[in-house]
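Quick one: structure below, then a few questions.
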Amino acid sequence: MFSIEFLLNALVAGILLGGFYAAMSAGLSLSFGLLDVVNIAHPAFIIFGSYLTYYVNEHFGFDPILAGLVFAVPSYFLGVAVYKIYYNSFEKTGAESLRGLVFFFGLFFLIEVILIITYGVDYRLVRAFYIGKSTSIGSVGIAYRLFVPFLVGGILAAVLYLFLTKTFFGRAIMGVAQDSLAVQLMGVDPIRIKTVAFGIGIATAVIAGSLLIIIGPVEPTIGREYIGRVFAVTVLGGLGSMTGTLVGGLILGVAESFTSSFFGPSWALAVSFGILLICLAVRPSGLFGR
Amino acid sequence: MSDNLLDVHGVTKRFGGFSALTRVDLHVKENERFGLIGPNGSGKTTMINCISGALANDEGNIVFAGRDITRIPAYQRTRLGISRSFQIPKPFVSMTVLENLCIPLEYAAHQHSHGVELRGEAMEILELMSMADKADVRTGGLTQIELRKLELARAMAAKPKLLISDEAMAGLSDTELDDILEILVRLNEQGLTIIMIEHIMRAVMNFSERIVVLDAGEKIAEGTPDEIVNNKDVERAYLGA
Amino acid sequence: TPSAQAAKEVKIGFSMALTGPLGPAGKAALLAMQIWRDDVNAKGGLLGRKVKLVYYDDQTKPANVPGIYAKLLDVDKVDFIVSGYGTNLIVPALPIAMERGMVFMGLFGLDANAKFKYNNYFQIMPAGPDPIVDWSVGFFELAAKQKPRPKTIALLSADAEFARNAVAGARRNAKKYGFKIVYDKRYPFPGTSDFTPILRAVKATNPDLFYVGSYPGGSVGIVKAAHEIKLEPKLFGGGMVGLQYTAIQMNLGKLLNGITDYWFWAPEKTLKFPGIEAFLAKYQKEAPKQKLDPLGYYLPPFAYAYVQLLGNAIEATKSFDQAKIGAYIRNNTHSTVVGKVKFGKNGEWATSRTFQVQLQNITSNKMSEFSKAGKMVVVYPEEFKSGELIYPYAKGK
Amino acid sequence: MSKERKLFLIVAAVLIVGAFLITTQMENRFYYKAAYVVLQYVVLATAWNILGGYTGYVNFGTAGFFAMGAYTAVALIKTWKPPLYLLLVMGGLVSGLLGLGIGYLTLRLKGVFFSIATLALAVVLQMLISNWSYVGGGAGTAILKPRSVPLFSNYDEFLFFVMASIAVVSVAVAWLIEKSWIGRGMAAIRDNEEAAECMGVPILKLKLFATTVSGALMGIAGAPFSYFVVYIEPTSAFHLDYAVNSLAMPMIGGTTTWMGPLVGAVLVGTAQQIATVTLSSEMNLLIVGSLLVGFVVFAPDGLVGLFGKIRSRLAGREA
Amino acid sequence: MRSSTTRTWKGPTLAHSIVVDNVSAGYGAVRVLHGVSIQVNDGETVVLLGTNGNGKSTLIKCIMGIIQPDEGEIYLEADGERINLAGKNPEEIVNLGVALVPEGRRLFPRLTVEENLLLGAYREEARRGIDRNIAFAFEAFPVLAERKNQLAGSMSGGEQQMLAVARALMSAPKVLLVDEPSVGLAPILVSRVIAKIRELKEEYQLTVLMAEQNFNQAVKIADRGYIIVHGEIAFAGEDTEALAGHELVKKYYLGA
């Protein structure tokens, strides 16, 4: 009953979704994977990005992707500010990251409140010329609504990968959580490194937010649905590895798509989280973990 | 059956494709002072990890006091009487120095009578190691050297039959080294078997009755300190000219 | 004295989802109830006593509901209670109403009283006496009338209370009307980001009819994905929540054309119930300030109606006696802003009046598009019909 | 030592009797319902802390254990409606076994990896329950609670009494663990697992013990849930709140002692209850958010740690 | 000794020396250093002797800015300029051309050997010479080249020590501070590491301050040294003979 064409379409849909998951998780892979900052509020920042995008799209007709990229800049500074608070209250005093976790949960709720107060609790959506259109390559259909996020996600992961592995700054980011005194001894200011890295993480979250609202409607508390997914992708890929994040996102996306296509969508989440569990049991440090 | 306390037969340990130990045999007699030396990365710590159960060896078997312990978990080995210090100190950071010692005392030395008064016993060991003044300090306030001494003290607190000291003396001055050696010798006289891993030749050579030399995961020599010092292979691989 | 006056107030207590998944609709419902309160108080209140609403946010969490109603009854000492929005949030309060023998007006519970069979529970959503089945009857009646008669049906539902029940009813109707079910799956809700693979699987079965039970986020995703993969069943829709919301309508625009979905109210000439337009005018004035659905055709009229009905019953019986009011509501036909209401078995409407609306002639994304007649065309039931079904779906697209 | 233990057990018994006496005196049902929720958090926070605070394994999946207790009860109620104490036992048993299962995960998974695994487990369980129509599946199901119960004037009071007793027992269990060799072994595991094992601590056994006890207590807390809400469905039974609260409350109270989760749960739980019925919904979230941020920022060792510090400072001044 | 030749051909424009003047320091209530004054002149190799806990590492940490002295002054004299080091961060001091091989190695355990080395060359001036420096590191310690993709944390203790030395050199320092380079090294490696330090020193015209317990190895490259006892300079040996002749050295290091 299911043809090759059907299989290919399921695969492509999964890959597209996976690229988007990678975009959502890339920033977390930075903050959580490399800085050891368990930023559970990451999805809330994503939703925050969705609303910023919504705002300029609704009122000025801004293209969502463009909006995401533009807002990435001020969000970077927002990230910097959040990290300053986090640093002064937790890292500086040597409090373990667990305490920071509660801080970020609190932040999560605060961001939700701010969004609820400013935008209400209703669903919001954006318009763009590519939403609702699709093309096909042979018999494989590709919706631009998903292709654009996939593309941006892939580029984001690639840029971060190059940044981390090929630049001095990036390597310092990779080392800073492992031994911050040693980083100082390399002539690097660890706080600056972490602040910048965290800021970049938030900036990517905001970009991911613009992608999210392209894919579907968003309401202030929808971020909660993505906590599990973004952490799953980050861990599945191996903390701090951008290649891993991309692959982790793709695995999750394809697993969801295949389960939806062949067994029924109600098992999709169970299957993808099952994969995560199995992966953790077999290779605890994730696929590309160190 | 041998009268050895510890028999290591053909132990192999691989990390990925890299073989850190290749079919190594070790035989340590009851109440022996045994030295294990070798260049950096030759597999000494790996060997200790296999003996203490921190790592599972891929091949071979390990017999302690007549019992095959190859597959039993580390904590049972400790209770059977194998106790080791860690080359890279691993203190219990939320506890004071004294409380650090109470853990092995409670779990290994007096395993059937939990809750006995342990502090006195712990204090004795600290005094022996001349660390009594640090008893109530949390381990975060200790120096590397003090942490190493704590490692040794904690290993002693398990009241083992076999004590394995993995570079516990690195960085000590000669006087301190002599103090510790004296303690170890005294413990040995009381019946304790000791395996010492150390790069400080003065310590190993003076202390050990018998020495095994590892190189690149293989045993290259075995003998008395004199034999080892005069062994050409050892000189080439380890001691240098 | 102010305290004496306060004592004379009639306090109506309830929990309402003001945050969480049902928050958007819940907030709009609250506004409607406040408009009713102001209307009543402007006319001098109920039996001369001013009405006061006492309410708390249940955050769309059933676990909060028992505590809230206990607070309302034992601490705030309210005179009447009505339900929050949605089955999940009604059921936890029902036994409390039952224990105290109070009249309990329900706002959009689907068969909430099935287990309790409490005779003073009255539910305002016009699902019908056998709510789960009656809910989708219209969709199937329409389908059965088409020539050539459609043969196969695909069912898809979000994995949560309302959608599952709607589709469960559709399943039974499919059997009854003799359609072959070729696809019948649920998708996780919340938790589904993309519907493309699901709809492709549906498309692979090539169904004549496609009945969907979904919530707003999912409904949008399903409509978009259906267009992207060119899924074209002959009749498409049924139980999709959210297509009635203005923001979503404005976003989907032309994509909505041809979809046939359940509906409660639309600005069609057949649905001009007494008072509805005055109510909507007030609502539409206030809604933008509160960032609520600007048109408010979906839930607000019913939220107004369920307290309106209670108020009318109090006035009619000239009493605050719960049993008397309950009996009155049970035994009479009531005129409300949503039309004539008569309750039957289990406090549900005695006869089903769920409209099927087909979206037609939508040409833009402007809000004005959706406040005009002729866009949300009532195609079922006969009595309220305002236009003809365009069949098959692809033709109406 | 044993004298201290005796005293503690007496206090526990007195509290349980006290809870019963209250129900004979007070009528207002709201307080019972609110107290029930707070006490339920006392149990969850205490249970979480046995694993998270004492042993150092952070469980993100509290909701999963709680819901499994609740759904075990639902399945039994649907089958033969056994008495509540049996529901508690069975809920505890099922979640305890689940705990035992995740205990084996600790063999391979440490730190955040373990946490993520528990989160994944909760999601998988939720999906399983959603697809199990016997207990209502994703649509949920209404549960009729017994109309009356001997000794109590209504079921709400009875449920309050039951949850109060469970809370007292949980705190007592945590206390006993903390003060015993088991607790000291757990602390060693938390500090350094490898060293603990080489010092003779049977780490696997202790971890399994911790995960099982912690899981079982969470399951017991969940067992009466369906009677409390009357309507149970997966999204609310597996709600994020349980994971967040059970972790935040010990953090706010302090994780190294039995008192921390108790103080944290009473404080935050009560604040949440009050906020629900006094404030607008946004304010409620705002309060919870600020509470979480504020406490961890300003009382980094938890309230218990803060009080300890203040007390020692005062003592220092006097001396 | 050999290094005396180095000293002669070094031009004054490249002069880098460290002056520690009357420094007192400690950790909270623990006072460790009491009025310590030492000087390491340009191109010199100075050894800091002293048994455990006497303050060698503390002194080095003061110079490096890891802890701040309570009293006294620390200068770097570079090219005739006098730069006050007190109050500066470690990273600022590193950027002035001072590198440290710290006690306990402080590698990045989850970075590869190569990444550790590259990170060592973070500072602007070091990036230019990166290829040459890495080649030198691999030549000096071939095991690092063999294992360049292994994670540093899984290297043996000795291998890690080599990596730590190599990494410090990657920053192309003018002044190298070494805290007990021979700890945990096999004898054969001790002499190799010491020899390498000398080689590097000659190659780069380094000024070296080395804390070391292994007297016999240390004097192979030292020009002179200090003995520190209980946080005070007990003896300043003008050359190695003077050191070897000192009673403290005899007592502690030469087994007399």
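Lettered A, B, C, D and E in written order, each chain numbered from 1.
Note that contacts are C-beta pairs under 8 Å (C-beta built on N, C-alpha and C of every residue); 3 or more make two chains touch, one makes a residue touch a chain.
These numbers come from a predicted model, not from an experiment.
Visitor: Considering only chains that satisfy the touch condition with subunit B, which of them also satisfy it with subunit E?
Guide: none
Visitor: Determine the set of chains touching subunit D that also touch subunit E.
Guide: Expected: A, B.
Visitor: Can you name the chain that lies farthest from subunit A, using the mean of each chain's Cα atoms as its centre?
Guide: B
Visitor: When you average C-alpha coordinates per chain, which one falls nearest the overall C-alpha average? Tell me, please.
Guide: So the chain sitting closest to the middle is A.
Visitor: Based on CA centres, what chain would you say lies at the far end from subunit E?
Guide: C
Visitor: With respect to inter-chain C-beta contacts, which pair, C-D or A-E, contains the greater number?
Guide: C-D
Visitor: Between subunit A and subunit E, what is the gap in Å from one C-alpha centre to the other?
Guide: Taking the mean C-alpha position of each chain, the two centres sit 44 Å apart.
Visitor: What whole-Å value do you get for the distance between subunit A and subunit D if each is reduced to the mean of its CA atoms?
Guide: Taking the mean C-alpha position of each chain, the two centres sit 31 Å apart.
Visitor: Just give me the whole-number Å value for how far the CA centre of subunit A lies from that of subunit C.
Guide: That gives a centre separation of 36 Å.
Visitor: For subunit B versus subunit C, what separation do you get between their C-alpha means, in angstrom?
Guide: About 74 Å, centre to centre.
Visitor: Touching at least two other chains at once: which residues of subunit B meet that condition?
Guide: none
Visitor: Going through subunit C residue by residue, note those that touch at least 2 other chains and give them in order.
Guide: Touching at least two other chains: 18-19, 23, 159, 186, 188, 190.
Visitor: Listing for subunit E: what residues touch at least two other chains?
Guide: none
Visitor: Which pairs of chains touch each other in this structure?
Guide: Here the touching chain pairs work out to A-C, A-D, A-E, B-D, B-E, C-D.
Visitor: Can you tell me which positions in subunit D touch subunit A when the two form their complex?
Guide: 52, 58, 105, 108-110, 112-113, 116-117, 119-121, 123-124, 127-128, 130-131, 138, 240, 244, 247-248, 251-252, 255, 281-282, 285-286, 288-297, 300
Visitor: Okay, in this complex, where on subunit A does subunit E touch?
Guide: Against subunit E, the touching part of subunit A is residues 168, 171-172, 174-175, 178-179, 181-189, 290.
Visitor: In their complex, what parts of subunit E are in touch with subunit B?
Guide: Subunit E residues touching subunit B: 27, 51-53, 57, 103-104, 143, 154-159, 161-162, 180, 183-192, 213, 251-253, 255.
Visitor: State the interface residues of subunit A toward subunit D in the complex, per the touch definition above.
Guide: For this pair, the touching residues of subunit A are 32, 38, 85, 89-90, 93, 95, 98-103, 105-110, 112-113, 116-117, 224, 227-228, 231-232, 235, 239, 266-267, 269-270, 273-274, 276-277, 280-281, 284-286.
Visitor: Can you name the residues of subunit D that touch subunit B in the complex?
Guide: Touch list, subunit D to subunit B: 1, 180-181, 184-185, 187-188, 190-192, 194-204, 256.
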